[in-house]
Amino acid sequence: MKATKYMAFKYKVYDVLNNDSTTIGSKVVQGAIIILILINALSLIFESIPEVKEDYASFFYYFNLFSVIFFSVEYFLRMWSITCDPRFNKPLLGRVKYAFTSMQLIDLLAILPFYLSFVHFDLRVIRLMRVFRLLRVFKITKYVSALSIVVNVFKRKASELAIAAFMLVFLLLIASTAIYYAENPFQPNAFSSIPDSMWWSVITICTVGYGDIYPITIFGKLIGGVLAVIGIGFFALPTGIISSGFAEELAERKEKKRKDEFNTHGCDPEVTCPCCGNSMKAK
Amino acid sequence: MKATKYMAFKYKVYDVLNNDSTTIGSKVVQGAIIILILINALSLIFESIPEVKEDYASFFYYFNLFSVIFFSVEYFLRMWSITCDPRFNKPLLGRVKYAFTSMQLIDLLAILPFYLSFVHFDLRVIRLMRVFRLLRVFKITKYVSALSIVVNVFKRKASELAIAAFMLVFLLLIASTAIYYAENPFQPNAFSSIPDSMWWSVITICTVGYGDIYPITIFGKLIGGVLAVIGIGFFALPTGIISSGFAEELAERKEKKRKDEFNTHGCDPEVTCPCCGNSMKAK
Amino acid sequence: MKATKYMAFKYKVYDVLNNDSTTIGSKVVQGAIIILILINALSLIFESIPEVKEDYASFFYYFNLFSVIFFSVEYFLRMWSITCDPRFNKPLLGRVKYAFTSMQLIDLLAILPFYLSFVHFDLRVIRLMRVFRLLRVFKITKYVSALSIVVNVFKRKASELAIAAFMLVFLLLIASTAIYYAENPFQPNAFSSIPDSMWWSVITICTVGYGDIYPITIFGKLIGGVLAVIGIGFFALPTGIISSGFAEELAERKEKKRKDEFNTHGCDPEVTCPCCGNSMKAK
Amino acid sequence: MKATKYMAFKYKVYDVLNNDSTTIGSKVVQGAIIILILINALSLIFESIPEVKEDYASFFYYFNLFSVIFFSVEYFLRMWSITCDPRFNKPLLGRVKYAFTSMQLIDLLAILPFYLSFVHFDLRVIRLMRVFRLLRVFKITKYVSALSIVVNVFKRKASELAIAAFMLVFLLLIASTAIYYAENPFQPNAFSSIPDSMWWSVITICTVGYGDIYPITIFGKLIGGVLAVIGIGFFALPTGIISSGFAEELAERKEKKRKDEFNTHGCDPEVTCPCCGNSMKAK
């Protein structure tokens, strides 16, 4: 009897924390978590302003403490209740498997820096690790289902985009080497080595152009001009890939919808006659 | 009898001010309003040049006075005559409803700052409110019907574009935090806080690159380079979305046109035979 | 008999100067004209380098003289022989009509500045008019027929592109006014008036970002950031328009080609059966 | 008998060095070559950092020596064994033909600079030639077959892209001349000649905008603004071309796949009925 109550409670916790659940309790908890994540993001931003940090130091300290405790409890409740999910129903193996899902890893990284800050082995490293605090925001993506079209397009075109990325890396290598040999003798500080020249190459080909370093020789300007023009192509290539990806994705969804409708309603009245080009119904 | 004359006059005013009307009187009045709006825009621009303002101060004063009176009269005539429109035919409720349509709100905002300038509670605030004077130009959009394709494409793809915008905001947050922790210890003035770093992030990802602040450390340059490359993707994503939107919108319009033609003329001679690929008529 | 010889000579001149002609004589003359135009463009470029101009002043003088004489003779021969063309066969009216075609106007503008330079009314104006010398290069476009697809796409989408241009102008107006009111009190030299602020707006929205002027206030940076993000949209909009234009243009050409093939060969073997999806021939 | 052994050995060498071969020996050798090429690229990059070069000078010297010997041996083994390939089976003519294939030329350029460095005729020229060392990386492209879609799209649209490139060159010429006449009298150092102004034009139209030189006169800013707006079009044009190229390429591949399936399996079950819009099989 007690075990049953325990199981019912566990299932309730699982349901409340489960993103796909549609019960009211679940929606309230999910909403509260999102709001806390957003306030955490804002708090991180405002804490970086020296004047604000000084005046509200204790508020940030206690809010951070509260958030970490809240997210830690959430994390461990998730780990405890996950065995209600058929995919992770083995007490130990299921939980280990779940701990290594990308969502749980992100959640862990969001709370870990706080605990590690007690170790004090190197302050600088911990400081950089605090960037992970922002990963709390990643949780939001869990709740956005409309992302699926965009994500599908990127998945569908992953190999073409990878080739575009490979071409970009290759071009950056060529351009950095060329500009280094052209400009280094005249601007030894600006183009001090190929890795340094790479900064210039990427900022030029992406058409950002800060102007902190730029070529001054004829050869350097020629390389820079060609790189800028090729940069146009490197905007056109992924755009063309993604455009055709959207067109295909939407054509497939439309086709699938039509087939589903046929299976439900029989002959689709929206289909046009191949002879007269008009709706079959109108005929 | 008098009431009938009053009604006839009111209807005439309504017709003349109504953008959709095709009577000659209406076209003349609409044209005059557009020209006055354009001159107002030019006057605002030239008034901002110190030398011009000094020399023609009284001209600008009287022209502004004239414009506000003209637009005020127009505004109140519209409010008075709108009851001729079946959608707003109730004397009070109809007019209140009409006052809150976006067009009437813009018209009100275009004349309000002038009247409020007599109150003198804070000169600086009034100065900023003068920006609303430019909203007079918004009226022009009323007259451009060809906008519908562009507007439809944006409406059709609103959710995908919203996701792209969400991803942009998210990325800016991540990048600003990362660059702040990487560059702040070395350039405390340039990257003084996360909100300040956001300025750098948005200027980099949109590939503007003023060069007022830029990273100088290895980590900062790495973040900057990655952000610039991702920036290419943030040009490709909305472009792909809008491209497929145009393709769909135009395909739908073509399909609709063909169906309309069938309903008028019977079998569409432009439809090709599925066997020989030629027009049905030619066969 | 003499008149016939005269007519035959005139027709020969017409044929040789006519761009569409395929006789060997015509091709040689056309080629010589293109080469002279290209050398003129190169001469204009090199003449602008002070050291080169000093050393080769007399060469540039005589080459320019020769070119103008050559192009003048070409211009008058064209005017004289054009009556052989059925469209311009009336001695006076035909020639006047021909003189006002865009090609002849460009040719005239390319030689006129030289003759006007003897008048000496204002040297500076003549200097600016020399830019028209570059218009000689425009002649090259006459010979490029492959341009037609690109030109058709722009024609087909002219109205949508015009709306995009209108939106750009409108946005520049809004942004310039907003940034002027936000930044002028703090940077009176950089943002001295709305026309001056427009320079900043256009350089920001086109994502060029020279960095000669940039906002320093919170409001100004906010306006700049929003403008930069909107700038992405202003790359996406014309790209989407032009992409769908290319898709339509190519679909139409394919359709037209298929119909032409049917009219020549009867049932097109490339058309697929609507039942099995394979070529009708294969069946 | 000896000749047979010699032939067998030669064929084995040919097979091992042949990129299309699928034997284990070939895969191991190909992998080793790729890794050595990548290490060569890294070595070139790190050698350019003065501190690294000083500390590891002898390592770079011996690694470079080893690489050149390795690639030389590979090059000559390829030349020796190529007669096993039916396309190059003539002892002399086949080898000469093979030596002039683009792959063998690149391989030769990758090792040649090292041998030429013993000639010492001009150190500066040899230095610039070292850039060719990076061409070793080009070899990698041999192994990437997935490139074919991207390459096909560029080939398919070569003529349209050439026209876009021609328009770009033409526009740069016009813009450079115009800005030279507008800005030279006021900034004789920044816009000293038309070739110098071209650097500004290309950096503006590609929306890089370093900010090293920029117009300061009204006319110059007008030219700059127009050029920046046209720059948007020069991103849109190649993007539209490439987008439609991807759409066509993918449509053709889909069509080809369907036809292949028909030839293998008869009536393709994936083809939809023209009446009901559903799969023929479902019917």
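Lettered A, B, C and D in written order, each chain numbered from 1.
We adopt the following convention: a residue touches a chain if its C-beta (ideal position, glycine included) is under 8 Å from a C-beta of that chain, and two chains touch if they have at least 3 such contacts.
Remember, predicted model here, so these are calculated numbers, not experimental data.
With contact taken as defined at the outset, subunit C and subunit D are each touched by A, B. For the touching copies subunit A and subunit D, the fraction of interface residue numbers used by both falls below half; the interface is of the different-residue type.
The greater number of contacting C-beta pairs, out of the two interfaces B-C and A-C, is seen for B-C.
One inter-chain figure worth recording: subunit A and subunit C are separated by 43 Å, centre to centre, where each centre is the mean of the chain's CA atoms. Each chain gets one centre point, the mean of its Cα atoms, and the points for subunit B and subunit C are 31 Å apart.
Shown for subunit B are the residues that touch two or more other chains, namely 207-211, 235, 239, 241, 243, 247, 274.
Of all residues in subunit C, those touching subunit B in their complex are 159-160, 162-164, 166-167, 170, 173-174, 176-178, 180-181, 192-195, 204, 207-211, 214, 221, 224-225, 228-229, 231-233, 235-237, 239-241, 243-244, 247-248, 255, 258-259, 262-263, 266-268, 270-271, 273-274, 280. Residues 207-211, 235, 239, 243, 274 of subunit C are the ones touching subunit A in the complex. Looking at the complex, you find that subunit B touches subunit C at residues 41, 44-45, 48-50, 127-128, 130-131, 134, 137, 140, 144, 146-147, 149-150, 153, 168, 198-199, 202-203, 206-212, 234-235, 238-239, 241-243, 245-247, 250, 272, 274-279, 282.
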